[in-house]
Structures are given as structure tokens and as C-alpha cells.
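There are structures below to look over.
Each of the next two complexes has subunit A plus one other chain: subunit B in the first, subunit C in the second.
Moving on, here comes the complex of A and B:
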């Protein structure tokens, strides 16, 4: 089991890193031929940084759009961030001070994730419009995230796992000094689902995370009259055409 | 060919309709004839290997267009956009929900350009599908039920703009020989004649002379509408509807009066007698550039120093956001002015400087509201501050009218609803869609008519004006209730040497008015 999970972890990390890097490079290299910011848009780069920050940190557009989706989505993403910060203690030794500080919040974040995900899934099933647009992968993604959250909570509140041994296993992965993985079925389920999530990340709608940063309607400065914007392929067209 | 359909009943605000699958699947605008297709360099009819050609073209567009690539990947189907499209709100057809419309293209993208969609065992999971004849029919129907108004993009957490997707889909269809008649025929006319209506130079000259006479008869001042005048300072590029029909033409008279009072030397060009660039609707950069270059050539040939655009929504998008890219750089024009300027920017600037005089009571028979045209609101700017595109037209209206009321907040400014006829859908073969798609705007308008005594709605877009004139009667509102912003300016402006009603009144009743004082 240890060997299997060791190999899977390395493979998943590689797929996640290479896959994401590939998509980010692909997005960055694809030219945006025209200025298409959704206006009113900032007229300076500083303004665009603020606009992007509001989107990333506050989900501004979603808030304008639908308060329920915003609430549940924000609950899930905020709690996910806290939970991930909390998990850093399994990968660092000595544990960073701020990671120690978020531990108590991270404990409860699991419940907020569960509630947020549950509410989003409820909407997906019971709101007619959202049910219509939902495909198998949309439901499965929620099931996977609920599984990860549930198994994580179970290890804290139901059947505690051997956290010291787990940390040694994790540090061993990072240090290439492999240690045995605790043979706890809930832990294996938890890690197995995390591995699955890492692998599908670059091939799924989870690409919304890097995608947001490359969205021309959000990241472009509204200065089309002042500054000429020309894609490389359009410049070639111009050189050949006139 | 209006066909059999029911005009929707209006509520107090846009209620989310229950889903009605297939409600609009019969909507199918006329396809372009081989002649119209070939004039734009597209195949005349559906090519034999249309499937492979379509996938190939999609691949090319993915490599050339970041928005398309990022947006096809990023959607999480959160549902935020599902109640934002006026065509969905008006028809209840689920494929008119922005995400569902995008998914028509996205499922084919997944099938051919993503690993999980290519792999047979995971295909069903991610909703990847082949481009079959049925899917192509859906494309043609539903990508011609998107007016590219960008309302969905305002509300999407990732800014996904369905306009980008529908433009790409229309481009792909053009490239396999399945173009839309309305757009492609019009673009062909611009290439051949210079404007969407196909008005030749002599007809234009005639029209403008007629207008000069009308103005002189009306106010006793000789206001010129110059055509092809070399050495003029300002080139006015305006939608050809302004030469042709009410209420557009009243707007044109308004521009002319403003230019006259400002003492500006200006001209219209026969060669570039069209502001609206319909090539944007079909998502063709090349076509859009060709049309835009006509304006560059006209500016050079006439030796103008500035370019001003008339009231036209999509035109202003192409002008404001794209013209510098497509036909710039404009370094041969006067650097003291933005290139191009909107006629509202031009007029408002003069009003701010106190150079125009108005008799606001000339508009007292009306209570106005303002319809923010979608492409002006969400794809452009006026003035130097974000949101100027909302404030400047309103400021002009308030400067020339005493009675102004805004419609409900979530139906104006960046949340404005499309008129229902934008994006290349302003054609009689889409009448049902146009009537139903205008429902959210009609609802908001009806509310201010009832509650605030609004009598007229002003707009700064030729498509909005034409669309409203046509669909408002379906909802029991007179077709003359839509007006141009510069029509209001025209009513109120007092030109030097103009005979005003006041003069006449004073002449008739001199003693009475003295007594009042």
C-alpha cells in the first residue's frame, strides 16, 4: 500500500504540475486579438489589479449575479483555503507559526466546506435551470469534494488516524526518504480521493482557477483609444494585406 | 414571416420562466445565398467535408483567440448566468441560457480538443459530443438567438462572454458554407457600395439636400449637411439608418445643428457612409478590418483631422474598442482629440463649455427615459472616466429636457437589457425572437410609463431604435415612442439667428409679457 500511494502521489503531483503549467503557458501564448474588457472597466493597470483582486478574493461578479450561489460558493472556497492552510502542518517541520495559528479555524472549516458543497449540490439537483445544465462530471466533482471533506472530518471527529505516522509518511515523500503509510481505511480513502482530484485538475472545469486570471473581459485595461492593441497574427495580416 | 406565436404578457419585473425545452428550436433565420457567401470569400453552400472543416476552423480560432480558449475551459456550470439572458427570459427555452448556449460549442470542443473528451470511456462524463447534423442545426438556430449583448459576461464569475462563443460559432459556420443571409448580404453591400442599406452616393446627396431644406423651412437657418467635402475638419461616420428613417433621421438633424452652432467644418463620406460594422456579428476579424479600413481611407482622402461617430451601439463598440486595432494607428489625425469620438462626447463637451443654448421647454411634451444600448454600456466608454457611457447621454438628455426618469436600476447601465434585435438579429425572419427577446426591456419600460408618466424612451443605437419601433406596438406602445438622443437636442437647441416660438409669442403679446414682469 505504501509503495502504491508513494508512486501515486508522485505521479499525481507531476500530472498536476505539468498539466497546469501546460494550460497556463497555452493561455498565456494565445493572443487576445481585440480589446474586450466588460465595461465599465479600469483605465489603468493598477485598476485592473484591483478589479482582479476583487474577483479573486470577493467573487465580485458572482455577488452581483446571485446571492445564494455566492454565499455557498464563498463558504466552500474560503473554508477550502483554511483547510488547506491547516494541512500544511503535515508537510512542514518545524510547523510554521502562522500554520499553527490557523489550526483551530481549520478544524471548523471542514464543516463549512461540507455545508457549502451540500448547498451547491442541493441547488444543482433541485433548481430546474441548474439541473438542466449539470452533467455527470458536475455531480461527480461535488461528490468527490464531499468525499474528501467527509473523510477528513471523520478522521478528526470519528476515528482518529495516526497523525504522527502520517506526517512521517508525508515528510518522507518530500524528502525522498520513504516511510510507511498508516493503514487506516479512512485515511486511504481520503488520500486516494485527493490524488484523483489532483490528476483531474488540469483536465476539468477546475481550470476555472487559472482561467480567471487570463479572462480578457476582466484583465484588460480599458485604453483602446489611447494605446494600439495588435495581436502578432493580426500584425502579420496587416503586413501582408496592405 | 411573423408566424404564429404569442406576444408574452408583461409582469412587474423580469420573472424567471419555467424551462420550456425546444420552445425556440424552430427559429432559423434565412441562410445566405451562394452569391452573398462568395462575396465575402466564404464557400457558397455547405461543403462536403463540413465536419472536418468545422473542427479545423475551431482549432484555428482556439489558437488565435485567448477568450475562446479560456472560456471553453473555465465554465463550472454554477448557474449564475442562467437567468440573465433576455432571450431566455422571453422564451423560456433552456438553450437560451448563456451556459447552455455555450455548451453547444463546448461539447464539440471537449470531444476534439480535450483528453477526457477524446477518450471514449470518459467522453460521456464530460459531456463531449460529436458535431452531428443535429448539433449543427442547433448551432445555426441558437447562435442566431444571441445578440452578443454581453449581459451574461457581467454576471459570470470568470467573465465568460457568450458573445465571443457565438461569434466563433458563426465564423465556423461561415467557413463551412452555412452563413446567415441578413449579416452577410449587408456586409457585401458595404464592400460594394459603402453602407448597410446600399444607398448609392447620388441618393445620399439627395437625402442630405432634402434635410437641409427641411431644417431651413423649420427654423429659418441654413444648416448644412456636407457630403464628401475635402479639407473638412471632422468626418462624421454614422449608421446609414440615420439617412433613411424616423427617428434616426431626427438624430442626424440634431448632429448637424450641433456642428452648425459649434461652427465646425465637417463632412459625411460616401465611401464610408456606414458606422455599423456588421462583420463583428459574424466574428470575422478580416471582414471587420476590411470594413473599418474604409473609414481610414475616407479620412485620408478627405484630409480630415477628427473622426466622430453618430448614434449607433455596435458601431461604437467597433469604433471605440477596435478601430485603433483594425485600422490604426491614427497618428495623422489631430492628437488633441480621442480617435474616434462619439457624437455624445462631442455635444456634451460643447454643453459643458456653455457653447450651446437650449430651450428645454421644447421637450416639455415628453417625459423621457433612457435605454442603455448593450454594446455601448458593456463594451465601450465615453469621456475619460469609466461609466461615462452611462452619464454623458443622460447628462445631455437632462440638459435639453425637463422631465427625465430612469428605469429600474437592474435593467439599466451595465445591467441593461438588449433591445432584442442586436448582434445581427434585426431581421424580419426572426420576428418571434425579437418580440419575445424585448420582453424584459418592455417590462421595465411599462413600469415607468405606469408609475412615472414616462412618454418616450431615448436611445443612441440604430438597431435599438429600429427594433423598438417595430416591437413596441406588439406590447401596446406606439412606435413613435422611441426617440434619438440628438432628436431631443435638435428640438431644444437654439441656433444663432433662429426664429423661435418665443420670438413669435413675444411679437404677438408684447404688452402682456411686460405686464407679467
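Moving on, here comes the complex of A and C:
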């Protein structure tokens, strides 16, 4: 089991890192031929940085468009951040001070994740308009995240695992000095689903995380009148080349 | 696909060399208890000692049932160490039985805000008669 998970973890990490890098490069190279910031838009670069920050930190556009989705989406993402910060204790030695500080709060974040995910899935199933546009991957993604959250909570509150041995296993992976993994079924399910998530990440809608930064309607400065927008390939055409 | 295989190979190859060089993965130092065996299976204790201790607390405090199996006092009696001069070391001091794993995993211990961190000492009775203040400074809270 240890060997299997060790190999899977390395493979999943490689797929995640390479896949994500590939996608980011692809996004960066995709031409944005037109000036299309959604107005009212900032007229300076500094303003755009602020707008993106509000987008990333507060989910501003989502808030403006739908309060319910924002509420549950924000709940889920905030709790996810907290839970991930708490998990850093398995990968750092000695554990960073601020990780130790947020660690106890992360214990309850799982419930907020569960509630947020549950509500978002409820929406996909029972809101007719949303149900119509939901593909299998939309449902499966939520089920996967619910599974990870559920198994994580189960380890905190029901069937615990040997977290000292788990940290040794994780540090072993990072330091290439492999250690045995505790063979609790829930832990294996949890890690297995996390591996699946890592592998799926670069091929799925989860790419909205890096993708947000490449949205032309959000990352462009509204200065079309002051400065003519000319994509490099268009400039080449205009200069007479092909 | 070929790229993937290549990357995997690149990740594993240096690791073989590194595994021999590194002094191993950092681990907590778990001191052995004085007794032959713990009150329950080690695998069980590693996972559930906190549940048993709070369960014990509830039974003792709320219901007045005082049993020995999961008594914190007994944990300390067995797992505490002594320093060079033979004095007991607090069990939550850095590197000691409680602290080493709890620091390793960043889990707070809130037993010792009330409970004593050193075992009860019979031999110390005379010493504490000489220095009553030290006896006061280390209240022995029984379970």
C-alpha cells in the first residue's frame, strides 16, 4: 500500500505541476484581440490590480450576480483555505508558527466546507435551470470534494489515524526517504481522493483558479481611447507582414 | 506520455542517492514507559488516547467514577523521565513524552493547565518538608 501511494503521489504531483504550468502558458499565449473590460472598469493598471484582488479575495463578480451562490461558494472556498493551511502541519518541520495558530480553527472548517458543497450540489440537482446545464463532471467534482471533506472529518471525529506516522510518511515523500503509511481505510480513501483531485485538476473546471487571472473582461485597463489596443499578431498584419 | 515518464524518472533517480545521504525523516522522540505494556494496544493509544482521557475526565468529574485504566496520573507516572540529578522532568517539556509528538503535529495539550506535569513522589516527602514552597509550587492534582 505504501509503495502504491508513494508512486501515485509522485505521479499526481508531476501531473498537477506540469499540467498546470502547461495550462498557464496556454492561457498566457491565448490572444486577446479586443479591448473588452466589463465596465465600469478601472482606467489605470493599479486599478486593475485592485479589481483582481477584489475578485480573488471577495469573489466580487459572483456577489453581484448571485447572492446565494456567492454565499455558499465563499463559505466553501474560505473553509477550504483554512483546511489547507491546517494541513501544512503534515508537510513542514518544524511546523510554522502561524500554521500552529490556525490549526485548531481548521478543525471546524470541514463542516463549513460540507455545508457549502452540499448547498452547491443541492442547487445543481434541484434548481431546474442549473440542473439542465450541469454535466456529469459538475456533479462528480462536487461528489469528489464532498468525499474528501467527509473522510477528513471522519478522521477527526470518528475513526482517527496515526497522524505522527502520517507526517513521517509525508515528510518521507518530500525528502525522498520513504516511510510506511498508516493503513487505516479512511485515510487511504482520503488520500486516494486527493490524488484523484490532483490528477483531474489540470483537465477540469477547477482551472478557474488560475484562469481567473487571465479573464480579459477583468484584467484589462479601460484605456481604449487613450491608447490604441493592438495585439502583437495584429500589429504584424498591419505592418504588411503575414 | 513520454514527457511524464521522463519527469517521473527524473524525480526518482536523484532520490535513490538522496535516501542514503539524508539522516532520515525528522521524527518525534517517543520515550518508552517504565512498565511492560501500556493500558491498551499502542496503535490504539496513538490514535485514541485523547478520547480516552476526555472520556475518563467526564466519568470522573461528572459521575464520580474513578477508574485506573485511562488515568492521566498513571500515564505520567509511567512515561515521565528524570533529569541527571534524578529530578522528574515535566512531561510537557520540549522533547518529553507528551510534547514531542504534540509539537511534531502542532496539537495543543490542555491537560496541564490544571493537572500536574510530574509524577507524584513518595521519596520527595522529606525534601518538600525542608522546602515547603517547592511543594506548593508543584500542586499535585489527583485525577
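FYI, the second predicted complex is superposed on the first by the 240 of 242 C-alpha atoms of A that agree within 3 Å, B and C clash if a C-alpha of one lies under 4 Å from a C-alpha of the other, contacts with A are read in each partner's own complex, and residues count from 1 in each chain.
Criterion: contacts are C-beta pairs under 8 Å (C-beta built on N, C-alpha and C of every residue); 3 or more make two chains touch, one makes a residue touch a chain.
Quick caveat: nothing in here was measured; it's all calculated off a predicted structure.
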Check your understanding: Should A:104 be classified as contacting the first partner (subunit B), the second (subunit C), both, or neither?
Key -> second
Review point. Looking at the overlay, does A:30 come into contact with subunit B only (first), subunit C only (second), both, or neither?
Key: first
**Study point:** First, second, both or neither for A:2, with subunit B first and subunit C second
**Key:** neither
Point to revise | Larger contact residue set on subunit A - subunit B or subunit C | key: B
Review point. Looking at the overlay, what does A:168 touch: subunit B (first), subunit C (second), both, or neither?
Key: second
Exercise for review: Determine where on subunit A the residues touched by subunit B overlap those touched by subunit C, and list them.
Suggested key: none
Revision key, fill the gap. Residue set of subunit A touching subunit C in the complex reads 10-11, 14-15, 18, 89-90, 93-95, 99-100, 103-104, 160-165, 167-168, 171-172, 175-179
Study note, to complete from the structure: The answer for subunit B against subunit A in the complex is residues 16, 18-19, 62-67, 69-71, 73-84, 94, 97, 99-100, 103, 114-116, 124-127, 150, 153-161, 164, 285-286, 289, 320-322, 324-325, 328-329, 338-340, 377-381, 384-387, 389-390, 414
Point to revise | Interfacial residue positions of subunit C with respect to subunit A in the complex | key: 3-4, 7-8, 11-12, 14-16, 18-19, 22, 24-28, 43, 46-48, 51, 101, 103-108
Exercise for review: Using the touch definition up top, name the residues of subunit A that touch subunit B in the complex.
Suggested key: 23, 26-27, 30-36, 38-43, 55, 59, 61-62, 64-66, 69, 73, 123-124, 127-130, 132-138, 140, 200, 203-205, 207-208, 211-212, 214-218, 222, 224-231, 233-234, 237, 241
